[in-house]
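See below for the structure under consideration.
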């Protein structure tokens, strides 16, 4: 346990060395938040409701997404690709501490910092523009929000890790990740709640893992629990299992490839 | 052709204070003097060797002369131009070959860079063709100018790099460590080429090299630089005449010596049959030589100058202890 | 001049030849860009087909804003791609080899790496843009000329910004962030500036100046631009260009040519 905390400590300290990078990264995030916030505020001028959202609900959704995004999407797993390509991953594999423990500790540190910052950004926005917010704050929605948040976090971790494992086969790891990021931006609900999409499209997307990253947890806080929570949870958990299995298979295959080339 | 007067170059490196805000607003700099009031002139058709330890200011000088770096103080005129202004007419008359840097299109065959340089330097079709053929022959490159540069060996790359830099018949050629990292054969090939090239085209050349033999084989004139100041500027033979204090007598014998003559032990010597080597002060040569010839049954005797490396080492040592 | 065109052509072909050495990555990146464009396009379309108006602009006008942003952003990326590869040239010292060549270094480090796939993308963007401008209507021959003129103005501004990035590349190590922040800021111009609340709007329009770059040309097209703002945009662009060229000259004087 103490090594675990040590890694978290080291990771956070790394951020203080690269603090400028981190602050700028959050600043860019904030710019995007501003764009979405004002786009939606602009859309609501002279309207009280669009799709199934009132202005207050939609603005609340956008702001909650910023927090859920920080919890679910912030990750350091993209660094795994670099560690594979440089061969440094060997150093970790030789240590008694499991590589997954190492990864998890780094994840926690990363999420911790991102959450703090996203809260700060939210505060700035609230102070500057005074939007009215509305969430369904019952113990039930709270519990479900938390459950889906954890599920989303697991999904995001596995997806991102999977994209890094591509490095076992090709050095061109950035292009697939770029496409993934595009998917996340739009299909995970970063820009807009997914249920404003045409019905068939929306229902199709609900079978992919993307909506469960940030759209579903955030949506629960806005619209409360729907009737189909059970089936959604089932789909999301199935994806967790599938992705976990895929990571294991790809990892094992990749490690064989790795030792084969004797890098 | 090249006139340098009172040239000073100071590098400023930022000091990180630890506070980002302070680093941006009020950045502190540490000043390093790379060149400290140096002056010299170089004429047409000279081949000048620039020597000195790492960080002495050799490369900095050449980079100022070619317009890459901005001189802090002093004046430089090259071919009548101020180099830093980067007049195209000026740049068309010079070339700079850097041993450790790549100026070729990395992913593509060397021939593509040659065509690119043809356009850059506006070389006519006929003269390009003739020049390219000549250079390729001189450097024996036919077999690999069609291969992507990244697949070439270091020696091969240096050869195509030289062609690319010489296609436009520069009046002045700057060579910065052209043989660094090469094996002895590749090194010899480059040196041989440079010697032949310079005698054929009368190009003015400035060369820096870690290998004294390169400089010795190529340059007639030497400029020695240390800590940003010139400590010797003159002919290589004058350097040897003025600074060489010792001579090496090299004796080859038919039969092993029974006993080393006693007087030899007063001097530095090394004896392994059939060779006997004695290092003496220059001034004592006339005294000792007859003695040796008398006491040793020799087959052959040669008198050599001290190795150039040793002379230079001595000069640097002397300067550094006296200052 | 003729020589510069020839060099531009040669650098472009070499850059394309080199790009195709990493085919998969290049294709995937382009697909990603296309995907991002299409999804955002559908989103805006879907949204405005419900709400009809965004900050007083109808659906076609809003899409012209978005497409104009896409066009300017795309042309900037296409022309000045090489800027994003400048830092390694400084680190390795290979920039020295460029400085001794008898052409302006911008030929090589600013516009010397045309992105071939962006060139291909320009075609569908142009078709869409022309289609929606014609659908939006409300322009005259004069305002169309003003529109094109202001797009050129935006591209000059983009160029000035990239020259600034090159200068920063010589002076400091923090270049990547500058370009990324610029990209995110300019993305804020994908919608009309009018949606932003004051004082953010004035800040974005006239100071940063995303508005001048992305929004003002469209306003010119629809004839809702005052001459004051027009003149301000042009003057801003000229002053910014002169400023970044001055900084570039200063940066060259400080260039230290390390590396190797």
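Quick notes on this one:
As written, the chain order gives the labels A, B and C, with residue 1 at the start of each chain.
Please note the rule applied: contacts are C-beta pairs under 8 Å (C-beta built on N, C-alpha and C of every residue); 3 or more make two chains touch, one makes a residue touch a chain.
The structure displayed is predicted, hence computed values, not measured ones.
Looking at chain B and chain C, not one chain touches each of them. Relative to the centroid of every protein C-alpha atom shown, the closest chain centre, again from C-alpha atoms, is found for C. With each centre defined as the average position of its C-alpha atoms, the distance from chain B to chain C rounds to 46 Å. Averaged Cα coordinates give chain A a centre that lies 30 Å from the centre of chain C.
We define each chain's centre as the mean of its Cα atoms; on that basis chain A and chain B are separated by 58 Å. Within chain A, residues 20 each touch two or more of the remaining chains. Against chain A, the residues of chain C that register as touching in their complex are 22, 24-29, 31-32, 35-36, 39-40, 43, 46-47, 50-51, 53-55, 174, 177, 180-181, 184-185, 187-188, 190-192, 194-197, 200.
Of all the residues in chain C, the ones that touch chain B in their complex are 3, 6-7, 10, 14, 17-18, 21, 92-94, 96-97, 99-103, 252-257, 259-260.
Against chain C, the residues of chain B that register as touching in their complex are 11-12, 63, 66-70, 84, 86, 88-89, 91-92, 94-96, 98, 100-103, 105-108, 112, 115-116, 119-122. Chain A contributes residues 20-21, 24, 27-28, 31-32, 34-35, 38-39, 41-43, 45-47, 50-51, 129, 170, 172, 174-176, 178-179, 181-183, 185-186, 191-192, 196-198 to its touches with chain C in the complex.
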